[in-house]
C-alpha cells in the first residue's frame, strides 16, 4: 500500500517538479545523507519527518543550495533536478535558483525594517524601484499570506513589532514576493503557539494551490494535517516516502511505524 | 517525621561567614572608591587649572584669544629688587637649616631659636612673593613687539619661555584635522578588512594567524608606530613631516581596535538576516551591504571613534610624522597647490603639551599653557566620544531587533 | 477558527445521515413488502442493504483517517466514535431489513400472499418512527427527543411478545404453514431488533451531546 518512490510509480500522477537521484551529501568526512531517491510533484505539500539530526534540514537546504554557505559541505554523488535541470550544474546561477526556490526558516527572521520594506526587499535587490510596482507586490504578497487585513494600516511600522506568528507569515509573504515556484519551510511553526501554528498551516493549505511546498516538521500531527506526501528520514537515510495517509495509517517499514507511534529508540 | 518548631527557617544567623562577606564587600567597595577618587582628582585638577586659561571674568567669559591665537614666546619681567631680596632670603634659609642640622641632640634651646628664625624668614619670603607677582610684567610675542620701549634692565629681571604665550588655535585646528582624517582612513580600511575577515575569508589556521597578528598590533608601543610611520610615510614615501603621514600613522595604530570591534559587531548580527536575504536571491555582497553592515554600523562607529579618540591622544606617533612644535601659518594659509594641504605639518595639542611641558614641567609661567591646552584637549576628545555615542543611539533607534 | 480539514467532519456527518436514511428506508421497504405482499419492494430493500454496507466501510475509513491524521479532541472525538458505533448499528439495522425482505420473499413464494399480519404494522410504525426520531435528534441535537425514543422501545418489545404469543398459539392450532408462522415470528423479531438499534442510536446521540 505504501508507495516508495521509484520511477515506475509515476504513471498516474503528473511529472515530478523535483527529482532526487542517488543523492549523497557530507559535512567534511561525516556523511549526512545517504543515497536519497525521491520525486516531488508540483503543487503538493511534501513533509519531511524524522528524529532530530537525521538530516531533514540538511536535505531541505540542498534544494536552494543554502548549504553552499557551509565550507565543509559537499555533494558526494547523485543529483537534484528541478524542472529537469541539475541544480548543482556549473551553469546554474545560484541567485536565480534561490529566486525560484524560496525558503522560510525555523526562527522567523524579519529584517529590522518596516513591514513594507521587508516584502519589497526581494524586489529592490533586483533593482526594481518603481513605487507603483512595489506597492502592488506588497499588497499581493500580504494578501497571499493572509496578512493584509491585519497589517494594512501599519505597513510602515517595524516588522519586529508584530507577533511571532505574524512575523513568520511575513517571512512567507516576503518569500512570495520574488515569485518562487517552490517554497521550502524548515520547521516554520516550531516557535509558534497553537493558534499561530494553525494560521500558518491554513496558509500552507491555501498556498499549495499555487506553489510546491516542502516542509520540515518535528510535529507528526502537523505533517499529517498539512501534507499530501510524507517522507520519513532516519540517520540520513530516506526510510519511507509515500502518501501521508499511507505513512500514518499503514506504514510499510517497521521503523516508520515505531517512529510515528512514539515507540522509537 | 518530627514536627519542627515554627521558627523562620530563613532567619539570619550571625556567623564568621557573614562577617567575612561584609569584609570582602567593603574591600571591593574601597578599591572602587580609590579609582573614582583618582579619576575625579585628575579631572578636577585639569578643569580647575585649565579653566584659568580658557575662561575669563569678563564677558564673553571665554578667552577667545587663547583658543584662536598662535602660540608665542612668553616674555616675563620681574622686579629685580624683589627677586634679589628673595634670593638672599633663600640663601639665608638654607644656611640656617644647615646650621640647625649640625646641632647635637642636647642643644634644644639653640635648635628652637634656629627654627623660629627659619619660620620668620619663610614668612618674609611669602610676602615678597606676593609683591613679585604684583609687580611682574608678562608679554606675549606680539605684545612684546608693540612695546615702545622694553622695561629697563635695571629695574627688572627678564626671562622668556618659548611657546607658552599666546594661544593654541593652530593646535586645536591641527588636532581636529588629524582626528577626522585618521577616522576616515581607519574606518574605511578597518571596515573593509573586517568585512573580509568576518564574511569572506575561509576559517582556518591562516585566519587565526591574521587575527592574532592584528590583536598583537594593538599591543605595540605607540613610539614604535611613530618610528614606523616616520620610516614608511615620511622617509620611504617621501611625504615629509605631513598631515597625511600623521593620518596614516594614527589610522594604522587605530586599526586593530577598529577591526576587532567591527568584526565583533558584524558577528553579533543574527545569521538569520544573512540567510534570509540570501534565500531571497541576494548576492553575498548585497546581503552584507543591505542586511549586515547597516545593523552593525552603530557598534562599528562607536568603538571606532572611541578607538580613534584614544589614539589621537598619543603624542609619540605624530611626533615624528605630522606635528610641528610651532607653525605660524594655519593649514589653509599659503598653499601653492591644493594638494599641498595634505603634505604640510600641523600643530597638535598633545605634542604641544609635550613641547611646553618637556623642559620645565612645573614652571610657574608655562603652567597656564599646559593646563589650558590639556583642558581643551580633553574637551575635544570628549566631544568626539560623545558624538559617537549620539550617532549610535540615533542609528540604533532606526534599526533595532 | 474553522480549519480546512473541518469539512471532513462535516462530510462524515452527512455520510452518517445518509446511511441512517438508507437503513430506515430499507427497513420500511421490507416491511411494506411484507404488508402489501410486494416482491419488488423487498428486492429494493436488499439492494439498499448493499449500499449500506459500502457506506459503513466508508464511514469507518473516514473516521480512522480523521483520528490518525487530524488528532481530534473533545466533541470531535465523540462525533467520530458515535459515527463508528452508529454506522455499525445502522448496518445491523440494514441487515435486519435484509432478513425481513428475504423471509417475506420466502412467505410470498410459498403462500402467494401474506395472510397473518399480526401486529406487524403497528410495530413497524413505532420502530421506524423511532428510527426517524433518532435521525432527527442527531440532526437537531435534541436531547429530549432522544430520551423519549428510549421509552418507546418498551412498547415495541411488548408488541413483539404479543406477536410471539399469537403466532405460537396459531402454530399450535395449525392451519397455516408452520414455516410461514416461524418466519413471521422472525420478522417480528427483526423489527424489534431495528427498534433496539434505534434506541442505541438515541443513546449514542445522548453521549455525543453530553459526553456521558
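Lettered A, B and C in written order, each chain numbered from 1.
Assume a contact is a pair of C-beta atoms (placed from the backbone, for glycine too) under 8 Å apart; a residue touches a chain by one contact, two chains touch by 3 or more.
Quantities reported herein were computed from a predicted structural model and do not represent experimental measurements.
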{"item": "Chain-level touch network, classified as line, ring, star, complete or other", "value": "line"}
{"item": "Two chains joined by the most C-beta pairs in contact, as defined above", "value": "A-B"}
{"item": "Chain closest to the middle, measuring from C-alpha centroids that were averaged per chain", "value": "A"}
{"item": "Label of the chain whose CA centroid is most distant from the centroid of chain C", "value": "B"}
{"item": "Centre-of-Cα separation between chain C and chain B, whole angstrom", "value": "101"}
{"item": "Centre distance in Å when chain A and chain C are each reduced to the mean of their C-alpha atoms", "value": "50"}
{"item": "Distance between chain centroids, defined by C-alpha means - chain A, chain B (Å)", "value": "58"}
{"item": "For chain B, residues contacting two or more additional chains", "value": "none"}
{"item": "Residues of chain C whose C-beta touches two or more other chains", "value": "none"}
{"item": "Parts of chain B lying in touch with chain A, wherever the complex brings them together", "value": "202-203, 270, 272-273, 275-283, 286, 290-291, 295, 399-401"}
{"item": "Chain C to chain A touching residues, read off their complex", "value": "1, 3-5, 64-65, 68-71"}
{"item": "Residue ranges of chain A in contact with chain B within the complex", "value": "64, 66, 69, 71, 95-96, 98-99, 102-103, 105, 107, 109-113, 121-122, 125-126, 158, 160, 171, 174-175, 177-178"}
{"item": "For the chain A and chain C complex, residues of the former touching the latter", "value": "195, 198-199, 201-202, 205, 221, 224-225, 244-245, 248-249"}
